[in-house]
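These are the structures, in structure tokens.
The same chain A turns up in both complexes below, where it pairs with chain B and then with chain C.
Moving on, here comes the complex of A and B:
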């Protein structure tokens, strides 16, 4: 094996190109030559796929078009879903009011814990479904593999493997299957880097946090603020991959070459798009029925007992005050600290926590309560912190399973915490200088 | 003779697309710059919003149309691809802002928005998309002539 590797390296050096790229390229070239000699074509026909590829894979325009389309996707998910969220929220508000004043533990559990907490998270089902709907259209049209192709040029230069793009893109939905999808990457170093940076891709669980805070602080620019989190995630993933590649001895080296066969463009069918949307969106519903429900119960109990005590004197208050000194330099108060602490279970719990701790129902009321505790700069820093700080519990488990190493799992947690702190501190410092 | 006449007809059509594409590209570029500059300058006037990210997207559409115009004027048939993608991108953004306008109207009906300005909702992306859509039937015919579809 050693001898074969040596010969391969020698050949690659001699030919000036990696053998993994050269061999398939020559194979295609020879196949093309044979077909040219054996087949007689009446005329060269330009297909629609050729024409679209001429633009979507364009050296200069490919990436800007991809970013513009992604911006449209997030605007669609955020802005168009808003009225549906309002309607569902009103329904939960009405359900919560059925128990009357929350004077007894049972009434409080129903109104504040279930309708105020879990119900408040559930309204975010709409932006999540809308996001998956738009991504399914792009996927079924055959555009997404092109996006992987155009991003490969940039990613290869920055130390990531082109095949990493699909797992990274899947991370926009959920980091768990995205990390499992890294199995398609043959090179162990490339795979490990992709796993380590995957939690930086903003999964749909973080979307409710962005929607809440962006809606409260950025008004007409809420869509752009949300989009900026996704761009920040991609930028940080690329930067960290480059850094790991350059500094960690086990990860040093060039990424393996990427060969991708592009399928023809197709007109997406409504049935397929809806099916994909449902299959991906239902994960959120299942989560709501299990971990988010349990989280709502636990948070309600922590913020309600000792019964009758003021919020700051409850168990949640005690926990928040214990954590607050760590996060105070970033401008986060004890409630934000509790939200981030429980966000480790599932990122949606961050929003659920705000719903329960502020003790108000409805997006507008919670947004007003959040606005009283944060400034636009700290809100933006909080969004960035939520994006970066920790993978959720399930992702933590899958990183351990896929890397087979506690060392790399703990490394992922440690670097993300440090990075989140550094990025949030930079946002706060920069924001304080610019806006005072 | 017949073939030659058809060829020159197609050439003429492609020149027409080049002009249309250049005009649309210039319009998209002007509005994109206005949307971005409005943010930097802290001003906005209806129906052109101060929207940096939206403006940058308009500039991407503009670049697509302008590259198409350039290639077509240089006699490269493949330049029509940029016009096809430009029209598609224009349709995506036009439809997006129509849907957003409908969402805003719903919010107004639900009592969540204090006012609804039709002028503000009719963003330039919508009427530019309509202008781009006017090219679609001609594009379809040209693609058929090129046997791309």
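Moving on, here comes the complex of A and C:
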């Protein structure tokens, strides 16, 4: 056996490629050659699909095209939704003001809790729906399998299976169905790695946090700042997958090779695109009616009682101050600490918390208020921290269910917390060097 | 009675051909140890009784997916008399990959070149004679949805099962790899293991070079 292993390693070194990839590749060449000799085209015609594939599957251009398309998707979701968000925000502001001065608990609940908190999150329905709309167009056009194909070469080298791509991409919508979708991966190790890194794919619940902070700090570059979070998530997912492959004995080994069928390109139909957008977007509305609503009530209560106390002395203030020392090195204040604490329930709650806390503190413009509490560098660090730090409660549950192991579930939580802290600290340290 | 296994990529019309071959005489069970459905049917052609087993639809024969392993184990361990490889004529290149793997396994392959009508509607003509010459196995063109070519396929199965001499075509991987295959084969035959001689030598060597976990575990018991 030793000798056989030696022959294998020698050969692999000589040819400079993995034999597990190379031998099947040679077989494909043979298959291609045989098929070319047996096929006759009655008429020479290049189909539209062939032409598009020449461009989209190009060895050098494929990945830049994929990134450019994704960038366009996020730019689109952000810019198109902005005017709608402003209008809805104004509407909630007006509704809140109907309660008059928020001096009684009931008036405060209406103005600060419901309109200021829940209403504040509901505004983000626009970027979420537009994001799903754009992704549905890419999906229905037949581009997504191409993206998986283009990424497979890169991902294989980095220790991820080609089939991991679709579950990872689904993670942009919501990590929960994305993790369930890992069932398409046959190899147990490939599957476990894909589950572990999936929460790093930035789900739509994190989008409100980015939109809020990027809008407040990065002006014309807001779209780019949001896009950078998605790229950061992808980069970290790939990096972590590679790290886990190399360091964790149960996960060692190579991803299995991957065969993918590429369907012909189709013109997306409006009906199907709208249907998909609605099916995915409605999850956010359901969430708003349940957990986000409950979260708003709880947060309002915590930040309003003991009644009449200054904000810092309320229960939320106490909790925030207790957590603050942990996050002080990253430049996050106690309000950010409270936001992150409750963000575990659902990441939209981070935004809700800002809405309620600043609202109770009596500040008018939330974005201006946020800007007064953070610098662009800490805001960017906070976005990254929100991206990474914990899977939300529901994702936590599905990781437990799909891995069937508490050990892996807790491992996912632990590594993400550590990674979030490290990345945010790096951003802050780097930022303070560059901008003093 | 001759034992026939049906194999092919997903969506090549395997089930349709299975139904044509066996008619109502089929029963369904599970493959041992897994929840993958196993369909078996019988028929008689020119006085010869055959038992047809429907293997899972697969693209390749690695040890990494349960379906592929079932298909491969059946061919390696049960050694059916004939393996009918159903090839989608409109997707020839991708389908031939599996055919090449079956030839590596030294299975007694009959290619059913299905979906000739789809290939034609896409503007292709497939030269079945040339394909048979290049692969070294019988090739039967069919349009299973219309029942065309099924009788010819049954003839080819019976012929293949009773034929003594088989022409073998080996598909090379290039000089360096072929050289390594020879060296691994030499190591394997030196072991003189009775157990290993049940498997095609070249196939074992190729799988070892590819790092196939199952074959590695098997061989490491004897070498």
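In the analysis below, the second predicted complex is superposed on the first by the 390 of 436 C-alpha atoms of A that agree within 3 Å, B and C clash if a C-alpha of one lies under 4 Å from a C-alpha of the other, contacts with A are read in each partner's own complex, and residues count from 1 in each chain.
As a working rule, a contact is a pair of C-beta atoms (placed from the backbone, for glycine too) under 8 Å apart; a residue touches a chain by one contact, two chains touch by 3 or more.
Predicted, not measured: the structure shown is a model, and the values here were computed from it.
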Is A:8 contacted by the first partner chain B, the second partner chain C, both or neither?
-> second
Thinking of the overlay built on chain A, is A:86 touched by chain B (first), by chain C (second), by both, or by neither?
-> first
Contacts of A:40 with chain B and chain C, given as first, second, both or neither | second
First, second, both or neither for A:69, with chain B first and chain C second | first
Report for A:48: first if it touches chain B alone, second if chain C alone, otherwise both or neither.
-> first
In the superposed view, which residues of chain A touch chain B and also chain C?
-> 45
Tell me, which parts of chain C touch chain A in their complex?
-> 59-60, 62, 64-66, 92-94, 96-97, 99-101, 123-128, 130-131, 134-135, 171, 173-174, 176-177, 180, 183-184, 187, 206, 208-211, 216, 219-220, 223
Along chain A, where are the residues that touch chain C in the complex?
-> 1, 3-4, 7-8, 10-11, 14-15, 19-20, 22-24, 26-28, 30-32, 34-35, 37-43, 45, 186-187, 254, 256-257, 259
Quick one: which bits of chain A touch chain B in the complex? Just the residue numbers, please.
-> 45-48, 50-52, 54-56, 58, 60-61, 64-65, 67-69, 71-72, 75-76, 79-83, 86-87, 90, 220-221, 223-224, 227, 364
Residues of chain B touching chain A in the complex = 49, 51-54, 56-57, 60-61, 63-64, 67, 77-78, 80-82, 84-85, 89, 92-93, 96, 99-100, 102-103, 106-107, 110, 112, 143, 146-149
